[in-house]
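Each chain gets a letter, A, B, C, D and E, in the order it is written, and its residues are counted from 1.
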Amino acid sequence: MASVQLERVSKRFGSTHVIDEVSLSIDHGEFVVFVGPSGCGKSTLLRLIAGLESISDGDLMIGGKRVNELSPQERGVGMVFQSYALYPHMSVYENMAFGLKLGKASSESVAERVNETARILQLEALLERKPKALSGGQRQRVAMGRAIAREPDILLFDEPLSNLDASLRVQMRNEIARLHGRLGSTMVYVTHDQVEAMTLADKIVVLNKGHIEQVGSPRTLYERPASKFVASFIGSPSMNFLEGTCRSTDARETRVELKALGEVVLPYGVDSNAVGSPITLGIRPEHLTPVQATGSDAFEVINVEYLGNESCVYVDSDAEAFLTCRVEADTPIARNDTVSLRIDTAQAHLFDEHGQALARAQDSAL
Amino acid sequence: MASVQLERVSKRFGSTHVIDEVSLSIDHGEFVVFVGPSGCGKSTLLRLIAGLESISDGDLMIGGKRVNELSPQERGVGMVFQSYALYPHMSVYENMAFGLKLGKASSESVAERVNETARILQLEALLERKPKALSGGQRQRVAMGRAIAREPDILLFDEPLSNLDASLRVQMRNEIARLHGRLGSTMVYVTHDQVEAMTLADKIVVLNKGHIEQVGSPRTLYERPASKFVASFIGSPSMNFLEGTCRSTDARETRVELKALGEVVLPYGVDSNAVGSPITLGIRPEHLTPVQATGSDAFEVINVEYLGNESCVYVDSDAEAFLTCRVEADTPIARNDTVSLRIDTAQAHLFDEHGQALARAQDSAL
Amino acid sequence: AELTISCGAVGAELTLCKDGVKQWEDKTGHTVNVVSTPNSSTERLSLYQQILNAHSSDIDIMQIDIVWPGMLAPHLLDLNKYLPKSATEGVFQPLIDSTNVEGRQVAIPWFTDAGVLFYRKDLLEKYDAEVPETWGELTDTADKIQKAERKAGNDDFWGYVFQGRAYEGLTVNALEWLASFNGGTIVDDQGDITVDSPEAAKALTMAHGWVDTISPPGVLNYTEEEARGVFQSGHAVFMRNWPYAWSLAQADSSDIKDKVGVTQLPKGGSDGQHAAGLGGWNLAVSRYSDNPELAADLVAFLTSPEEQKRRALEGAYNPTIASLYKDQEILDATPFFGTLYETFTSAVARPSAVTGDNYPRVSNAFFNTVHEVLSGSVTAKEGLSSLEGELKRIKRRHW
Amino acid sequence: MTVHETTTATAGPKKARQDARGTKVRRRRVRAAWLFLTPMLVVLALVAGWPLLRTIWFSFTDASLSQMGSANFIGVENYLVYDEGWYGLLADPLWWQSVWNTLFFTVISVGLETVLGVIVALVLNAKFRGRMVVRAAMLIPWAIPTIVSAKMWAWMLNDQFGILNHMLMGLGIISAPLAWTADADLSMWAVIIVDVWKATPFVALLVLAALQMLPSDCYEAARVDGISPVRVFFKVTLPLIAPALMVAVIFRALDALRVFDVIYVLTSNASSTMTMSIYARQQLVEFQDVGYGSAASTLLFLIIALFTIVYLYLGRRQLGGDQ
Amino acid sequence: MTLTHLKRAVLKLGFWLMVIALVVYATFPFYYAVVTSLKPSSEMFQVGYWVDSVDWSNYVAVLSQDSFVQSIINSVIVAFSVVAIALLLGLTAAYALGRVRFKGRTRVMMLVLGVSMFPQVAVLSGLFEVIRVLDLYNSPGGLILSYTIFTLPFTVWVLTTFMRQLPDELEEAAIMDGASPWVTLTKVFMPLLWPAMATTGLLAFIAAWNEFLFALTFTLTDSERTVPVAIALISGGSQYELPWGPIMAASVIVTVPLVILVLIFQRRIVSGLTAGAVKG
């Protein structure tokens, strides 16, 4: 049983609090993805679980047993390091076989396993090379191969695909999903890739400055972010935020006066305490549609970015930042056009002054 | 003048041909993005331009002058290394200031420049830290800061944002664009990120196994890929490919018999030589729409991936690989449904047996 | 003018030398630098050779070992040319001979040394034994006392210690054995090799018999100090050593103060002779000296009877001038000088003059052979005959 | 580093090879390298050039210390000559004995020093309280002047009042005192004991430096992979410190092959502990035979050079660089 | 749990036993020297593990000689200069040999090594001549110069080896920053080579500090001599008498500065200097 529990785990480097009372429970066989801004403590958290850093405070349990003091090998984890940490003097083959030989596996089965892993990672042609003679992405794949060849109970991935091209990344992602299915091992995965996070995770953990902002399924996080931070962090391009004031709310609708866009009516009710207080409305780019300008509420288009499958329209909203709209690739809108903006109000989110999401009245569970 | 010309440049490591007669011309002030599969030679090409590797064959000109034999500093280039290559004994500040100081800048202007760069990269709080005490993304930003602080004529970026979270990446991307605008320097940029490539590039160069597959504007590459390779490489998820035969073509339409989907009519003509020969039809996921199954041509849905802003539907096409369709996030389609597929024929691409795109009759320039 | 002299190392020897030099300085008004040199005589020799070979005038006057004149002669001044005949008057003839190379007086003997036998008066008395006259007696007495002492609980007690390490000291020791059996001195005055004789074999066989019976096995690596260590800590009844050990054995801190006697080394047999190996030091002047006359004068001063007497009184250095052994003042200060007069006059010199440059080879071959015989890896007979071959081989290069 | 030199001779058309060899950058870099090398080479040439050439020259003469000026060229007579029987260095059984002694001494003592040095370095590399003091303590044997430490050991190994015999007897390991330095069978071992004691810190310190310079992150990988420390040591640490260890061993071996003072002070220069250096010194200094002694030195040099070349050839992969 | 604790405790105990064993092994002779130096000369020939009564007279005797103190000063000057020269020349040479690939590199390495292949006695008289020609006889300069013959090859080789292990990318980064080889060497490599430099420096220092044969041959007067010679020249009342007490006292005195030096230098022998430099 390879469940992982963190109970008020903290980590300090000197006086810097890097992980701050994090509690989290990961079930056996679960696939958990950590996301968060650069430097928020994701790698540190993985290293704490692996046993590479000592826990300053709190308890870490694996399979129900407190393991704070156990060495990495006793914890039964495998890890893909963000910095690869390859053995510089060993060939790719040896790098991958090194951890395997331990298990007294016969050399044939070692060879078989390594070759199979190399095949999955498309490294077959490079088995004899030293890490120095590999490209960045090849090194990264070796780092991954080393961990997955061992098939440990708990696999920790620290941004394992960041240096791979998109199509290889899709393949690798599928291989990881397949591996997860086959081994049934617990996987903890750090990524900055939205798609990876959304597709692989049973559960996404959003970290911010060493604490957990929200834990939930991909859909929950995307559709019901608990805070402005999570809302802005999940989804790319980010959600647009509009300042305003809550005018009224009842069970079925909420009226919000936005500084930039005037009054909008949202088709759900929120906590009535919010009435009269400043509020932030969040709306994702795909739910903000630019249309031909209709008189008064016209905004200028700052830029249109063509992304192939879609385009992004940046609109000057007079608010702090530009508003981003996601439109079809061959949108007729061009820079310096003036547009009106239409909000898909059902998809809008409301946050209070402190950035917390306002609870929706009779919110159905997702 | 910092234009860059490569003329039949080759690079061999021992007997491995890593770069194979690459010719390319980069104008002064242009922003060129290199993309290509892992290990195709992108970094090597950058290193050749930088002067860190000797050119095995061919000529490299900068500003019209042959520079094969000049040292990096004489070429006036700056580079962000894929592996960062930070000075481990220097603080973040010193890392960024090192090159500036060598450039005999006054200490005030060094401080000013470094602080400004640190601000842009959001590293202000970390200036006193050593690289060892930084997270992966922070290191990467330092590596970038070091190169851009010097403001050289030619800036080479090797996957500079790969370890940053999505929102930071968007910010950094904008900063780079702004920097490019301000400095007017020539920039060569390697990335695996589709969005970066599409939004930043004046010109994208697609590399494959050491040679150039296609050079063109982002829109050209996306909409008129010259080969199946480029078509599959640009865009994520990748384009779907369907095997078939060309039945007939004239100036205005082409009939194609697809193994999996039967006959389709494309609203443009192709080279008439193709008639009767095996052909591949490429269609991007967003142009392949699953609809309620209508009798005969029904396919099974293997998986539906929810990505937040959209979903991917994987359909078992009886062809080699699954077909991928891009649909709205809240699609009603679920795993194991049966669907029919509708092709947006105007957006379909045709490739001959060798993977080359079939020239469209009276193709309007893009 | 300024002179440089190397005499002795640090310690009493150096102090004595400095005092003498000071007197000369006061007398003549010149300045003299005294440089100290390594204690080990090989190191000192190689240092001199370095300097002399470079024809350097860095050292004007050197204190050289009794066996060195042959080797250093080309670099040394013929003092006869600078000094009156009287300078060597009254000096023991063997010493004059050893410093006269091909008619050139390259050095003046300064002080001398000869091997003597130390014994434990108290133990001989206790076990009612005589001071041995022959090696045979010594062996018996040593054996007897050793057995008895060990029985009495003195576990690491030994009968006889000497210098058995393969080094110059062993040459002297073994030469004494050979000479005491009338076995010659390896090479005779004519330069003929005489070592392979039955007497010599007898002497060496006897010595081999001591090792691990009356002498500790470690004696094969003993120099003077190791031997003295054993003797002075009360672990041996007999010791062959130089006279210097006397004052140390008589020091207040010594375990055997007032229990020690000194006598001549035993004879080989009743028809043998008392033979003491000759040691000692001379003063020589470098040919490259800038002030040869002054340097020679300083040498003459330092080797003068007055100065030698002072050294005998203050440091118990044995004079090289026979008459001083009758000087009452000296005899009062060091009573055993009288008993040793005989020893000095009859001392056997090593064949350094005749073998010249090749003396070190000869000595080396000799002590190595002796060492092998002592440690039992060859018999005396075999060893001596192969030594003879070896010496012939060396002689090939003409001495 | 790979800058500008990466085109190797293994493949590629001729033109490319020439091109790479001839590039200006490369040439400039090479010129800079020579510039950097020059001071060192000048100093070495200054101090070593003349003495070494002189030694080699003298080995073909009959020079003797007392008449160095008038040396005659005698060809290889010092090495080997027939004059009613073979004479010369190569015909001297003592020389061969000393060669054998030296090799024996070198192999055993350098072997022990290496093993022990690595162990000590590993201990010193561990983090524990008082590490500073222990490090300093471990260096003491190397810090004591050889002439002193050899005398000290001679004192401690003394058969009568040496503390070693005293201790061994106290522990009941031996019943009678051993004549460490006198006994032909023991004296070589005594010398080895002292040399190992003295030189282990040298190896240890170098290995320690190598250990400190190791890349730290692949050790984390090994820890996570659950690889036993012993295996990590043999498979990761050892290969990574191999270059430094090799250099340490080379210099230790060079010292051991030229060993002099320890033996000179500790044991008599009897044939059982006669080494090549002692032999050479004996000829040069004690026997005044500069010609013959120089021949011995030159031969010693050749033997060492031979061993070094073989060793470097066998270990060339560890040293990296020129494949 | 208890089992792992027990195992850990046993391991810890074993480790400490090992440390103690090594320390005893390394320092016992030195300890014995200290004990001997504190004994009056009368107890010299007795085995003893402790000092019963401390007798400083040997130390007083040694330190009261001006020439001994002077020789310590000389040694310090010589050893520091030797280390400085060796490290400077060694570093530059190591950069060339370790970082630049050129023809003849191996030959240079072998040549450098070849210098240390002759026995010291063999080069002695040649070196003596060189030193006399350069007019450095009987001066620290002569010793400093002659000591490079054994410190330089060693320093060059060790630093070259360590230099090769530094990541290539660092030099490339420096090149991109426009650093000249000299700047790269001093500003980028040197700080990273501290462990190696401290080690070689220490070893070279000790070698220079303890050298005897050259020091004996190339100096003449007490005012120019170094410590080992001074110790060797300590002697008893006569030629054969070895003054153990003062010699041991002197040895202890000259070893103490080295121990202090080690304590200072070894702060530089720290790990993980290159951590965080490169990814992969």
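We adopt the following convention: contacts are C-beta pairs under 8 Å (C-beta built on N, C-alpha and C of every residue); 3 or more make two chains touch, one makes a residue touch a chain.
For reference, the UniProt names are A, B = ABC transporter ATP-binding protein; D = Sugar ABC transporter permease; E = Carbohydrate ABC transporter permease.
Every value quoted in this text rests on a predicted model; they were computed, and no experiment measured them.
**Student:** Compute the shortest path length in steps from chain C to chain E over the network of touching chains.
**Tutor:** The distance in steps between these two chains is 1.
**Student:** Name the two chains that are joined by the greatest number of C-beta pairs in contact.
**Tutor:** D-E
**Student:** On a CA-centroid basis, which chain has its centre farthest from chain A's?
**Tutor:** Computed centres place C farthest from chain A.
**Student:** Between chain A and chain D, what is the gap in Å from one C-alpha centre to the other?
**Tutor:** Distance between chain centres: 58 Å.
**Student:** Find the geometric centre of each of chain C and chain D from their Cα atoms only, then give the gap between the two centres in Å, rounded to an integer.
**Tutor:** Computed from C-alpha means, the inter-chain centre distance equals 38 Å.
**Student:** Taking the mean of the C-alpha atoms as each chain's centre, how many Å separate chain B from chain C?
**Tutor:** Roughly 94 Å, centre to centre.
**Student:** For chain C, write out the residues touching at least two other chains, lowest number first.
**Tutor:** Residues 46, 53, 229-230, 233.
**Student:** What are the residues of chain E that contact at least two other chains?
**Tutor:** Residues 45-46, 124-125, 129, 168, 172, 175, 232, 242, 272-275, 279-280 of chain E touch two or more partner chains.
**Student:** Which parts of chain D, given as residue numbers and ranges, touch two or more other chains?
**Tutor:** Residue numbers touching two or more other chains: 2-3, 5, 161, 215, 217, 285.
**Student:** Over in the complex, which chain B residues touch chain E? Could you list them?
**Tutor:** Of all residues in chain B, those touching chain E are 50-52, 71-73, 77-79, 81-89, 98-99, 102-103, 130-134, 136, 139, 146-147, 150.
**Student:** In the complex formed with chain E, which residues of chain C make contact?
**Tutor:** Touching chain E: residues 4, 8-13, 33, 35-41, 43, 46-47, 50, 53-54, 56, 58-59, 223-225, 228-230, 232-233, 241-242, 244-245, 247-248, 252-255, 315 of chain C.
**Student:** Which chain A residues qualify as touching chain B in the complex?
**Tutor:** Residues 13, 35-39, 42-44, 82-83, 133-138, 141, 158-159, 162-170, 192-195, 198-199, 218-219, 222, 232-238, 284-286, 305-310, 326, 329.
**Student:** Considering the complex alone, what residue numbers of chain A touch chain E?
**Tutor:** 69-70, 74, 82-84, 86, 131-132, 134, 136, 139-140
**Student:** List the residues on chain E that touch chain B in their complex, please.
**Tutor:** For this pair, the touching residues of chain E are 167, 169-170, 172-179, 183, 187-188, 191-192, 272-280.
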